[in-house]
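Written out below as structure tokens is the structure these notes cover.
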Amino acid sequence: MISIQKGEDLITITLQNILSYRKNDEDFINLVLNWNKKVLIELEGFYPVEVIFDHDEIRFKIKDFDKKINLKVKMGIYTFLDLAYGRLNPIKAVFKRKLKIKGLLKIGTLLKFMKIFLKTMKMVASDPNNNYYELNKETR
Amino acid sequence: MTETKDRDIYEKISKEDVLKKLTEIFEERNVTNKSGDLYPYSYDMTECEPHMPDFIVIPENALQLIELVKFCNSNLIPIVPFISGNNVGGLTIPENGGILVDFGKKMNKILHVDDNMMYALLEPGVTFGQLKKHLDENYPHLRYSYPFAPPYAGVVGNVLLSGMNNLSCKIGSMGDSINGLEVITADGEIVRIGSCFYGKDEAAPDSWWCRYPMPDLMGVFINWQGMTGLVTKCAVQLWPNPPIKKTYLAIVFGLTDVAPVMREVSRTDIIDDISAVSIEVVKMAVELPIPTKFSGEPDFASMFSISAKTKKQFKAKEEILFNEIENLNKQGKNVILVNADEFVKLFNLRVRCYLDLPSVVLPLVEYSGLTWFGSYAPSHKLEELIEKVNKLFNKHNITPFIYMKMMKSGHYAIFRPIMRYNKFKEGEEERYHMLLEEITDVCIDLGCIPYKTPAWMTEKMRKKINPGWINLFEKLKKFMDPNNIFNPGRWNT
Amino acid sequence: MLNIEFPDDLISLSLYNIFSSRKDERKFIKHAKDWNKKIMLHIEPFYPVTVIFNGSNIRFERKEYPEPDMKVKLHINTMLDIANDRLNPFFAIEEGKMEIEGLGEDSEKIMRFYNIFVVSMQMAAQEPNVNYYEINKNTR
Amino acid sequence: MTVIKQRNIFEKISKDNVYSKLLEIFGSDYVTNKDVDLYPYSQDMTENKPHMPDFIVIPESKEQLIELVKFCNEYSIPIVPYTTGNNVGGLTIPDYGGIVVDFGKKMNKILHIDDNMMYALLEPGVTFGQLKKHLDENFPTLRYSFPNAPPYSGVVGNALLSGMTNLGAKIGSMADSINGLEVITVDGNVARIGSCFYGNDKAEDDSWWCRYPMPDLLGLFVNFQGMTGLVTKCAVQLWPKEPIEKPQLVVFFGLTDLGPFLREVGRADIVNDVAAFSVEVAKMEVGIPEPVKYPEEPFYTAVMPMTAKTENQMNAKLEILKDIIEKLNKEGTDIHLIDYSEFAKIFGLKALNIYNLPSQILSLHEYSGLTWFGAYAPTHKFEELIEKTDALYRKHGVPPFNYLKIMKGGHYGIFRPIIRFKKFTDQDKIVRLLEEIADVCIDLGCIPYKTPSWLTAKLRKKINPGWISLFEKIKHCMDPNNIFNPGRWNT
């Protein structure tokens, strides 16, 4: 069971929404548990958010970032959506410099991040809107 | 706040006799004077001062109401029409007591849907949810339009009070979507207005297709808040339901840049509906009790809904929208345009309640209190309005919640600061009302015209309106309702 | 100098309009005068009209003549394509968009027909709307 | 025909005293009581019975009119508003005499064009030609819309009487395009109605942008034919002018093919307007004095203004239009689509008159008389209306001139049989035909607009009593001494 900090700004809310999607799922927990890495995600046009994986916790920061960041990921909102909706393959994105990554050499970290984040994002995107309709079915 | 002019409404007849008469007209089970039953009708979501009605009646036909009106008119008893009490202006609070007529329970039939001339003939109690369901199931190629209101709000009340819906950028105020009315006037006469006006007692169901071109008697009942008669039937226009629909979300950085963005896009005449909300509102949807805006976050989110008959037409419209946004960014605006459905899914599905109307707009109903300054606004004043109102919100340190729309291809705008608060928390209501009054003064000074107006607001307006208008208004009210029985107190009557 | 009879049906009126703009033009007179031919023109979806060239007179009849010297059949939109240079009349014939009977080997006939009908049509189409604005200038 | 109840309007004051009062208000140059001056105001193009006014006045300011209204109300003298007298319903014929107020001469200023909120603030005398010229020269990105009327007819009258224009398929009745009014009511009060209602004596020029959301007093003056007050200012909505224009022509070989076409194309929401005419009208346009339809010719032709922001948008619209026609032809109609501007060049440029509005529909004016039954119509009755009126025309040996429109995205239609006639010669025959047409159409649910009083007399028999008594009450409340255009709607 992973606990995820509640977001209070647009981007963090989004990241939280995505990551929470699998917080009870075995594989996800195994990936995240004790990963203990700091990833800085920046959506161009908005602002960077630091995602801190700390044992069984995921926290976020939008300022006073830590000195030591394991991975820096930067992309535009359209790349973000294209990746989520499977219109763009992450590897291609990296080569096309649409997905800019600092720390490419730490290939392990990168791959794990992709498993944790990009994969989850795609699962969220492909999920039918059920849960929403659940939450106000009585009103439709 | 609303002053309730004290008026003894039982000079001419005793309460007991009134009850007797009501039971005679509506039968015992449809009449009540038990305070337990009366209480819920004595207030609404707003801070407007509550007042108990003396009776609730549940009518099922016009004949009963004719009898009621004649009776009330000769005995000077107030009549207050009520559908679901969802208005945000204390419009159905019986300021002088009297009889509250609840249409929502039994006079809520969809009488006719005209497939060819595209209208629906409704009783006053029909709700948005009910109409949508009926159309989706029986006339999937037709649609109505829906406001920023829960599905259990009333359709007829919304049009009679010039509400605005999610086709507003195309069709404008709902006041222009009314094809016809059946009304009971003070003398108990039943009047059919609009193209349905032929025929002695009944009109053919296929005759409710237009408001004009005969002398326009309909105005006498539009935006009058029930002060001129009791509406018993209303025909509203429907629209073709195009196969392709999509909503775009414009994320706008910079406090006032949303104004030119909305103005420019509305004039392209390709958008069904344009609405914009403060970013804080988007965040409210995610259950942040008191959301604050962080630097780097955009200021407004604007939604553009596009529909089309064919792919080609949709692409053409999309292209026009993209070009418009591109131009705006070239001119130094900072706008990011994304597919709303895609974005919302990643962001948080609860936000969909803004997209799929009618729906319970969660951040609103999760509070016990709700009030607003809802107004028609000059679109060239939007920048100034946003800035000044935002300041006021911050001064009172209340989360800014601004909702805007562009109407009828950009001919005018809607400016609506909204406040949610906790009704039962000591001092809360007063604090919010103070802010609301300050907002009202600023907006009216800038030319905004409030709609669904509570009495304390019309009082402010009366000081600014030209005397000729006031005279004509008073003259007409007196003449339509000499004994002031129809929803007295509205517009300080 | 030719005289062209003023007709009173839609299609003849169009032909009248086309011809009369050229009726004093030397080249046109040269071709039209003393041609003494009956040309049946069927503009679909409308009806056949026979144009009768007789000495210096041009008349129109709303019917198919027994044996006209030429029969031409084409759709109104094909006619407009030709008139506005979007379609070469000879391709139109090849593609079967314009059916011509009685063309024979008579090159003079082809020439005259081409000049009287096709050229006039194109001239009418190219002409700026001047004369219309003349008609109406007082009222605009 | 019009019943003129005799009424002596100079009981309370002598005609001479009225005259001197008028001189005092308007000055000697702008008041007349000479028959030669009065005569042209005593009649219009229609068959409606002429009646001489007693005075013509030419106002230039609201103040003069306030004084006039107060005076006339005190002495019960009729006031008839007049712009250019181009209505086809005898609406400005002073049935009881009295004073005709001619706004056309001096109260004809375009007071303000609001580029942002897209409206024009006008005095009652402004004409369509004048407004078009002004916009083309100063606000090329904006447009107004124009009726099938000459350029010298009045904009404000058209809007106040729910006229329809060449944006009708898109925006519907012009009454929905009124943003605000300044009106003088019977007690001499000046009421500003609409979003311009703030401010004691003056409204900001940029405040005339909407009719709602306050209690709708504007209705009291819409379609009342001047019976409730004197309108002195009116704001009307303008629209963005789209760069791409491709008018289309549609020909209909089946008598009633027009019906389903109008319904379908209206809903499709792709054309600005559909102006459908009997083929006789099209022929008349290119100068056939007495057009007859030959069996091979189509029954109807429709001209449709189409505009778009981009080529792609135009093509998308045309594609939808073609699909509609294909679908209908599969169902048995015989309808064909032709590019209008191209066709017009071949056919005769005069035909563009019908499209380039406002323009002089010449041939209508070669006749001394013109009348019509103009009505808002239920679109599912189009076929029946066409067939029945066609039969009546033939019975009376008059060429059928029908004019149809589809309004506001297909929500309702316009059905308008038009009749030209030579006054004093064949007038009686025409009147009979017109009455028969009126009866048939009203029975089918048509609602006439700009109604002459002989027609309202018929309507009153069919309208529900509640409406009539509310109408009477409001008229009485607004004009107790019946001074405002008395006789309209048989008041």
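We call the chains A, B, C and D, going by the order they appear; numbering starts again at 1 in every chain.
Basically, a residue touches a chain if its C-beta (ideal position, glycine included) is under 8 Å from a C-beta of that chain, and two chains touch if they have at least 3 such contacts.
Keep in mind the model is a prediction, meaning the values are calculated, not measured.
When you average the Cα atoms of each chain and compare centres, the chain farthest from chain B turns out to be C. The two chains most heavily joined by C-beta contacts are B-D.
Measuring from the averaged C-alpha position of chain A to that of chain B gives a distance of 41 Å. With centres set at the average Cα position, the gap from chain A to chain C is 73 Å. Centroids built from CA atoms put chain C at 63 Å from chain B. In chain B, no position touches at least two other chains. If each chain is drawn as a node and touching chains are joined, the picture is a simple open line.
Touching pairs of chains, sorted by label, consist of A-B, B-D, C-D. Contact residues on chain C toward chain D in their complex (touch as defined above): 8-10, 13-14, 17-18, 45-47, 62, 76-77, 79-80, 83-84, 121, 124-125, 127, 129, 131-132, 135-136, 138-140.
On the side of chain D, the complex with chain C involves touching residues 129, 132-133, 150-152, 251, 253, 279, 282-283, 286, 288, 291-292, 294, 296-298, 334, 336, 338-339, 342-343, 345-350, 352-353, 356, 358-360, 362. Considering their complex, residues 129, 150-152, 253, 279, 282-283, 286, 288, 291-292, 294-298, 334, 336, 338-339, 342-343, 345-350, 352-353, 356, 358-360, 362 of chain B touch chain A.
Within the complex formed with chain B, the residues of chain D that make contact are 116-119, 161-162, 173, 175-176, 179, 183, 185, 187, 189-193, 195, 197-201, 203-204, 206-207, 209-220, 222-225, 227, 237, 239-240, 242, 263, 267-269, 308-310, 312-313, 315-317, 319-320, 376, 378-380, 408-412, 442, 445, 447-450, 459, 462-467, 469-471, 473-474, 477, 489. Partner chain B is touched in their complex by these residues of chain A: 6-10, 13-14, 17-18, 45-47, 62, 77-78, 80-81, 84-85, 121, 124-125, 127, 129, 131-132, 135-136, 139-140.
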